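Here's the structure, in structure tokens; my notes come after.
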């Protein structure tokens, strides 16, 4: 039997059961022989709980896949075929800071695109580059499937600064929008065609039916027209505040949930400030949810993914990861939306950028479907976000404080000026244990 | 003696004496034979006052130039060599609305880049296109020198939608920054070299001395370093709130005054809200200043530009216009910063955009010095602004309400969501007399 | 039963039986209800022969598809779902001139990229634009599948000048190269992945196996290394003269058969001059072959495609056409190489160019897989050819003689100077009956 | 008195007196204190002759500039302010081979764009990179003014591979075309405006008068219309064979002399073959001319540039070099045509290419006037040449034989195939003493 080794970094994550479920479901196509769940000292307990759960799931499946739990990343990586990353530097407590500190200044935290997302990138990029160093040494032919957020920026850092081209970034948001389109049109999702393009958590899409007719505008009507009778469930991790019909009507594109931060920033902020006051920011909710999940996972009789996991915003993420791996392994040519090198796919963005686009997943990696140009209004926001992302990544890589302030200054969710600087400084100090690149500046700030 | 005919649309403007002074100063190179000051019925009285003043100025100069005052634009345009535009649709009262209505919602008005600027574009674009129709018929070989704000967008509309390539847009901001550089380095302005690139009211520049040494960073230190002992006078029309040293230090570019709205938005807003409460928004201040100026102009003994005119934010505007005309007429090849077609000058912006860049002004028009690419952080903002401008112009041209809302949504100075829509609607109604293209929508709004 | 109407313009072509075979083979997926074979007066007899043959083929198949023969194009087009074009303006005699006249000057004729190809474009473009006018009126929702050569230029004219976006250009060359790769690697074609990019008759490709490993260089070794023991059959319509191993070895791309004209121009010319002397230019050979085919088609017992048809260079063309139609109709997402709008797929070519690239054929048309940039050496030739194509199309559209001469001047297969002008003039006169756009110039030439 | 040190590499060149004359003429603006003429052992005698002549010229001028003659390049470079390069690796005998070997195969040699030019690049690029290594160490603030041919490729190698941004490439062809325009229009050259863009020896230009009126088409009529009565002297180094009127008439651009190789290749070849037979190739003519010049230079009474020097094709080259140096030194902002980094100036060419364009020469180097896009026909050739140049430079830098063959294959002046390979091989062997990078391959070829 041919070896097929998967390594999951951040294996102690509450999402691991979904990942296991995804692999088990695909076992006949994707006969994994060993899975290594890797975590760090601080995550040891969670790794044990979720790792035992994973073992039970495989046992129940009847498939002969070995599950290894380890804190030794290098041992795990040796000769891996696929590496998935779902770790969270600083754990959920760091995310709580990412969200609460900005809100304490009256500013949206937003753990992927806002101040929180910038700090998540600052914490994660040094770690992902370290992992890549190991991968290049220990399993240079492996594929790295990243679903650690901010997924687009992490993928860009991995490819541009880490020089590891075989990195694919993943997100579950596109899947949600495929489902929504299906719901809006009453057409099964497999009978629709989609084209997505943009950045991670910042993409647009168009929808066609099997007869080749574009249905984008009908979905706009169903979702955004106030006279529409359709009801839609939003994304679990984003408050369901709708963009205005008139904002979307002539766009000829469907926005994604994160666009709400840019289209209805007033309501989004109001809402998050309320949650903040109640101690119910998304991070806090997730922390409780996660604690409940780990309680469930401790049940030695539980050997399948519990329903409750789907309430996490990240649902489908792991399933998408399994499908990417499956499609690469078997050259299945599944059409998926992934973060990959632009190379001209979106004409409005730099050639070497990472973009999130509809791609055919082949054994040689994702082949993006060409997109071309955007109209002026979406282009304005898209180009802004990409420039912001590049600035964040550069600051994360170099530890240049002024670049970091520049990233805060141009981030559309952060008001600029002294307020942005104060927020940056406070967050640097709060996260100091996970920001080696900013060490010197943080000490200077602490001594002021 | 060869005819050389200049037509000034918006001739009743308080700036006209500066324009006259500029022409008189250059008469030996630029022997103008006739100047036609054109205005509309509502501006008749001001035209008479400032026109009489203009006549006195020429008389005092001793040069044989005829000054004509007229409300008949078409008569004036016949066979013109140069047409300058400095009109303000809706006069200063419209500007007061542009500033006060947004501030009444707690939002920056900003008469060129913000909500106010968008409405100024909405009011002005139909008029400039009308003027161009006349120019094409009556003086197709003339050059159109536009200094009506928002100068970049008006120039883009004139060239892209009006199809009149011989349009040059002007602004006085670059001149101010040349002076500031000179002050910062204690080097006469003529001993410095500059390179500006970006958009109108949204450009950056670099500075070199005559030995070819770049001095940009020294100016950054002199202007932005809190330890600097240099004092600078700001632009009269923009509150002198400084950007933070750390924001600028690693930029390797000098920003312009309008960047403050994007770099220190918090202070800018606070300040304008205070002015708003005191009834001292810039528009209101200008209105008082203008009334004083017209009082002065009535003095039949006054035959030269009064000192007080320099306090207007637009000082040097008219002088720049005279110099552009002079340089075109005499093929002087003066290096100036003008709004002109991009054609690849700035690689980050669309080929057919209007950009504001250092150019050699020749008898065949401006020849932009190539600029190339920006770094990610300034690029982010620049591309955003251009996409926003394009959306504004398209909305102004088509009268499409949804495009107008989109322009408001993506404008960085306007919070997005219902608040933006409410503001848009209120401004549409407030300016209804000057927005023929939105007539139908405004009626609908009024009937709600 | 739902109507599904196919119209084939140039229905009297000897390729029609292959087309019928392709449709019959796919009938269960693609239940065509009516096929209209259209031809012109001069092709009436051939239409009757091949049309009767087509009818026998369908009868033998047992499927209820009606075959109509007509000279009335407009009647045929009414409500068509798909229109295929395989006509040859001036018939094979025109092609004989395209090849023999240049060779009589010692110059390669080359019926698609050389002087012959330019004249084929000159004759065909006015006709295709006429057809499109009819399509827009009579069946605006149809897809136009063009396999009239020069397929890339005709498709570019149809989309750019005809404004008919639903045009797809086809060629059989890529299929041949897929087969060659399969032969070189001893791997079934369905177990290989390909990526093609370039222009019609001027593309490169790369090959991977199902495990994602690139095999391009192995194919280069098998095909071009003089020590290789593999034997390959060339394309029937291009003399099998090999490019040099050293030319290809470091290219990391596989060229196509038409590249021989640019890589081993000396041998190609020598060979064609020999054929010319013997009266065996490709056109003359084809004419004989075609006469034989029509003799076969007359046999009232023949009701399937005869083997001999495969000897034509165009074999697989019709099958590719059937598959494109099938994939559009059924949204099959077959990966095929087609001529379609660039839109940034190949970064080195203009956005609005037609390119020939690997695409997913969906019900909304071809979705090109993004390609990006070429290395300098292939880029040099590719950009040259595209500029040449654009010049040809513009000359064909406008009838501007100087543009036509410019196209000849920059065509790499035609020596420049007086010789090119003499050749152009002689060909204009020789083809005068099919060049309405050059009428005036031709008369002038004849009267010299 | 402030030091101002000029170093001329290839100081023994027959052009040196023109250079001296140019410096003497400009002495009041450009007070050079020392000139170092550097040459190699093989050029020692010529260096002595021309160096003595140079000394006499300065003495006659009365200006206190020291002239140093040396074979020690490093000593000369120490603290230089400007370095000019006018050396010829392998001397004129190498050029004779560059021209005669191709012609012996019936192929144009062409010492800048053809096979000869490719070999000149192969020989020169290793040397220029060596010089740059010394410059970076010994005079890192100097400007390198290169007028060694092929000037564009050498400049591209210096900047891209040598990483020395302060390199400016020069050519005298544009000056000739300014004079021709002046002659054609009967307008003094200083009353005309020009815009040049393209590559070295492959550029186009447009011409305007001081009133801003374009005069390009009038010059086309005067030069190319067979009915024109104007007579023009061609470039001394290129046979005066005219392009056809119909080729140029609708171009709206004026070509340069080297375009003849691509527009009237037949006549150019015929002519050079005749010269070849007579032993009068350009290189041989130049060698005789040069011998005569050195005879003149030996005259100890000669202390000014002799008239005969102007007959060399390179006349004005040295004067252009003096003017570039003067304009950089004094920030004169002279408009000149130089080879410099593209950075988007010509949209059709790669961002990092070297292009030859109208530029303002400032103390910070050349500032190119933006050009934008070309029409399809000139674009085709231009892009081809740039890709060819890149391939040549890469082959020259790496010593990759296959790349070299590729450069030969795609060079439009060399027929492709075995003939190109044979020519390449023969030239490699013939030039083996100056091609260290191809050493191994040459040995292999010699042993075949």
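Quick notes
In order of appearance the chains are A, B, C and D, and numbering begins at 1 in each one.
Here is the rule we go by: a residue touches a chain if its C-beta (ideal position, glycine included) is under 8 Å from a C-beta of that chain, and two chains touch if they have at least 3 such contacts.
Remember, it's a predicted structure, so these values are computed and weren't measured experimentally.
Comparing the centres of all chains, each the average of its CA atoms, the largest separation from chain C belongs to B.
Rounded to a whole number, the gap between the C-alpha centres of chain B and chain D is 45 angstrom. Mean C-alpha positions place chain A and chain D at a centre distance of 55 Å.
For chain C, no residue reaches two or more other chains under the stated contact definition. Pairwise chain contacts in this structure: A-B, A-C, B-D, C-D. Those residues of chain D whose C-beta lies close enough to touch chain C in the complex are 244, 246-247, 249-251, 262-268, 376-377, 379-381, 383-388, 390-391, 394, 400-403, 405-407, 409-410, 412, 415-419, 421. Partner chain A is touched in their complex by these residues of chain C: 193, 195, 208-212, 214, 328, 331, 333, 335, 343-347, 351, 360, 362-365, 367-373.
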